[in-house]
Amino acid sequence: MKAPTTLTIGVVAVMSASACAVDPAAAQDVIKLGLSVPLSGSAANWGKGSEFMCQKAAEEINQAGGIKASGKTYNFECITYDNKYNAAEGTKVAQTLINRDAVKFIGGALGTAPTKALQAIAERQDVLLFTVSWGKSLKGPEHPMTFTQQNTPYEILPPLIGYVVKQHSQAKTVAMLNPNDATGQETEPVAKATYEKNGIKVFASDYYERGTTEFQAIAARIASFKPEIIDVGSTPPADAGAIFKALDLMGWKGVKVNETGTGADTLKETGGDAAEGVYMGSGVVFDGDTVSAYQRKLNDEARKLLGEDLNTIQIGFYDAVYALKTAMETANSVEAKKVAETLPDITFPTFYGGKVGFFGKETYGNVQQMRLPILVTQVQKGKLVQVHRIDP
Amino acid sequence: MQTAVQLMATALQIGAVYILFSLGLTLVFGVMRIVNFVHGQVFATAALTVAYALPTIAAAGLPPLAAYCVAAPVGVIAALVLSVAIYTFGFRYFQRDEIGSFILSIGLVLVLDGVLLKVFGGAVHRVPEVITGVVSSFGATVTLQSLVLCVVALLLATGLYLMLGHTKLGKVLRAVSIDHEAAMMVGIPYGKVAFGGFLIASLLAALAGVLIAPMSIVSPVIGTDYLIKGFIVVIIGGLGSIPGAILAGLFVATVETLGAFYLDSSYATIATFALVIAVLLVRPKGFLGRG
Amino acid sequence: MARIDANLIGWIVLIAAAVFAAVAVTNPYLSSIVILIAIGALLGASLRFVMLMGEVNFALGAFVGIGAYTAGLLHTAAGLNFALAILVGASVSMVVGTTFGAITLRAKGPYFMLIGFAFTEAVRVAYSKFAVLGGTSGMVGIFPPRALDLWMPLIVVLTVIVFLVVLAIAERSDFGRILFAIGENEPVARSVGLNTFRSKVAALAVTSATAGIAGGLHAFTNNVISPGDFSFLLPAFALAYVKVGGENHFFGPILGAAFLIALSHYALGFGANESFLYGGAIVLSVLLMPGGMLGLASRAVAAVRKGPSSHD
Amino acid sequence: MTDTAPRGTKPGRIVETGPGDAPDILRIEGLTRRFSGLLAVNNLSFEVRRGEIFGLIGPNGAGKSTVFNLISGFLPATEGRSFVERREMTGQRPLTVSAAGLVRTFQHGSYIRSMTVRDNIRLGTIARLKSSDRAGRVDEVATMLGLTHVLQEVAENLPHGLQRLVSIAIAVAARPKLLCLDEPLTGLNETEVGNVLEVLRRYRGELGGTIILVEHNMKAVMNICDRILVMHHGALLATGTPKEIATNPAVIKAYLGDRHAN
């Protein structure tokens, strides 16, 4: 008697799933932008901010009259699912976006593992994919539908490290630390090579587990090498702050770098005064004259939502939407393959101001990387200050 | 020498928190035979509440220390309210059911993870430094704050130890954890005792939470991190053993510190897990576990 | 006798339903759900098998991961064909599982649970240390032959059914009786000369093998695997399948998996927090319906029949 | 899948057990067990002859159950040696002891509550019989113990008396040379007691089985046992036929005031 129950409930369950598989909201004049981002766990805030920025850009464009292509007018709509930062969930999200919601454009994917899972399906079904993930292996001619919406170490590190080394010509040695996650494993080799190219001796390059809350021993270890520069690579600002504080406690004084540091606030919160002087490669300055009033307004809204400043990851989700709009109108088509072919040749207005395009032939063998300005920032008197900017 | 002292100081500091955290776990298991995964969430609730309340209170113009003295009790109370709810609606029905209670607590962990994220948001919360200044001796330096943490933690640990040894409640708790049937035969109200033990355990977690808040990186996931460490400690020390938890707490902290210093610290993480399995090979019930 | 019949009907219905779902469902999204349910069912059944002897095996996550990574590596690095890769993966998982059991089954109850928990987490960190496994960003390109693309749902469902049958037979055999006896009254089993320790290890060997199979299928249907896929949440979710479906009956975890996975996909549409969902399901079922859905069902049936419940 | 051979233990060596060698199936020499100072069993020696029903009695806490745990290998002896059919079993595990033919039951619920009677009995056959013979043995034992009509029932739904028979059946199914029963009569009513005793007699009669019986029910013990050993404070107080024991002043003294003495 149990068996039929098994069946009925099983069937009912599958039916309920199929019920929402057929999405009535699939009106022709809406272009859905799928987002695969972490909405839970330690990276939840990045995901929330990314969704926020995608929606902002979409709203602006829709209010400004939408996208005009192939004689029709379309509106953007952002659909976000939680990829929990791992491949299994990334696949679920990919299936849901592409095969259930029939999304043809991915407005952004965050987290290398879930992005790879998404790419496996997207490239096969000709779905255009934007991602902030750094994996070099994500790009290249074999992935014609994939585009990167954020600067990666290959873009950031040469100018950043170059600048730092120039400012501190006496510094000749460095010790590096990275989190044992995808970003860390992507950043470390590039940074190492760049330092060596600049004639800096790399004493040590360590990894630590994300989720560590006690950094004294780790700090003691890197300090014991007595390097002139300590580069905590893609360590999240909160951890970085704690590490610099511990280093400061042990009396280590030297040049501090947090390559992918995104903001002064979190760094200050955990690092206190030890955050002073840290160089960052992914920081965005929201006070001072470098930003427009509108950007500041967006950032203030974001702060209300997230409790911290916007960072380059989230801004990438904003830029991708404008890139797509421009490409669609230039190609005069909303067909993903056509749009992907057009993207490399267009320039579009970026959040950072001005118009930018795509590049990357020499690094990735294919034009898939947004050519964004590179901002070298530093914490000065507790404020994040832009010390160097390279515009494309 | 300097590094040696520095490392000792670090190990002591981490160990102090592990001890506080694990004492609760081991106490609950001793008294109720419950493997309480929710302990981490109780701990996180306290830490998050402080991290959330303190800046707000401080904004009212109070100096950090004063503000902390207001926020800390709030955090403890929040955590205790949570654990009372957990006990009355959950664990009460699963006493001495090792598997059932474990399954229930796993479920609660999943639920509370979601809740904490909703309530406190994903952003890292940071409590402004409550006690400023550093202490240096033998060339090693620790912040006054972490020193205070150590002292308080160790005081609490000894306090609990003495309480179990000498007060009536303590004796009752011990009696129950050694042989609850015998204890009930001599007329000990098991239900009351169990609830008492659970509250004390939660209180320890809450205190650990509010103590760690000013010097750690407080986010909703902090609970899981300490939970895993905490269980490693109690397994090594022996479930239900108070001295076991204290010794193992220091032991694990030392291994971690040395590991992080001499190895790449992500290997240290694996090393600690390997350690557990090794210990259980030699002593399937932990170092001081009761046969 | 009635029970035997019910079981027989159960199997026929189950197989029919599964094969129908695998063949008739053409929408790739729905077939991906069918696949997830099939794999989930195997995971739940594997976890339940060890629960027969009264232990909760949280090392399951590690076994699934080892199966998946071995299969993936053999396929991507050594170009081994996918059926073979999965089988070898399962064997490796079985070897690890047996060793793990032989070492850790001296411990019981909470100790065994917690060691398994620690083992799963340790192994998860370990994957990320090997570049050849793709580090934290995961291993890519684990594709079955393109020709099989359309057939994958059927292949997965049939494979799962085969190993479910294996587990069911094992449970109904004398081996199963021994495990059950161990779970309830180990001294009695020992007093009649049964080597209970060896039986426990054997049980772990069996489930680590089936878990390894599940892992291999996971790898080849997801095409990408990452350490995060095999955290302690995996056994926790499997536990949810068992408790919600009903741990007293073989079909329990299967029903639980079907229900929870479908539900979670439905919920994903509203951006609901999945772990919240699974957690809630576990809590509610342990508090309100100890026998799980099947427990409720059989009690209902019994009430209707006004006869004794056929529920064992 | 299951293991029928004892693991990691060599068969105990055959030893000549002294002069006047009786056809003893169990021989205990100076058996002693201390629990942290307390002497539970104190230098106990006795032997059990093939085909007899041997009563092991004594006031509560006399150490009867401890003796069972020691001879069946569930508890290591502090001192002393034990032989089953002249094979030394000192320090062996239950696995080996039961392989040598000594099978014991436990005082409380020596069966699997939620398994059917059939499965319960079958459990006893697994280690000793190859799978093709098990079903037959189950029916055999069920018939002998009069359980045929409840084979399909789940053990926990049975009345007390039948549950005791199930416990015995599990042990009997294992083809023991020596059957050790720990209080099989406690809590049973007159008819049930009679029923169990009847079964034991038949078991001894038809199969020439040997039984050690730990029991508080004096009437039953006196009525069924060939020889009785009385323990007091862990030591041997007296041994002999029921008649001798009944009239032994030391025994009577030991039992005076003991609520089980009737």
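Lettered A, B, C and D in written order, each chain numbered from 1.
Please note the rule applied: a contact is a pair of C-beta atoms (placed from the backbone, for glycine too) under 8 Å apart; a residue touches a chain by one contact, two chains touch by 3 or more.
Quick caveat, the model's predicted, so the values are computed rather than measured.
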Touching both subunit B and subunit D (chains): C
Maximum centroid distance from subunit B, chain identifier (CA atoms): D
Top-ranked pair of chains - ranking by C-beta pairs in contact: A-C
Mean-CA-position distance for subunit C and subunit A (Å): 35
Distance from the mean Cα position of subunit D to that of subunit C, given in whole angstrom: 42
Separation of subunit A from subunit D, taking each centre as the mean of its C-alpha atoms, in whole Å: 73
Residues of subunit C whose C-beta touches two or more other chains: 125, 128-129, 273, 275
Per-residue multi-chain contacts in subunit B, two or more chains: 113-114, 117, 266, 269
All chain pairs that touch each other: A-B, A-C, B-C, C-D
Subunit D - residues contacting subunit C, complex: 1-3, 6-7, 72, 74, 94-95, 98-99, 103-106, 109-115, 119, 122-124, 126-128, 131, 134, 154, 170-171, 173-174
List of subunit A residues in touch with subunit B within their complex: 40-45, 48, 180, 206-209, 211-214, 216-218, 220-221, 224, 236, 238-239, 242, 249-251, 266, 269-270, 272, 306-308
In the complex with subunit A, residue positions of subunit C that touch it: 6-7, 9-14, 17, 21, 25, 27-30, 32-34, 36-37, 125, 128-129, 135-138, 140-141, 143, 218, 222-229, 231, 249, 251, 254-255, 258-259, 261-263, 265-266, 268-269, 271, 273-275, 293-294, 297-298, 301, 310-311
Residues on subunit C engaged by subunit D in the complex (per definition of touch): 170, 173-175, 177-178, 180-181, 184-185, 187-195, 198-199, 202, 312
Contacting residues of subunit B [partner subunit A, same complex]: 3, 6-7, 9-10, 13-14, 113-114, 117, 121-124, 126, 128-129, 134, 141-143, 212, 216-217, 219, 221-222, 224-226, 256-262, 264-266, 269
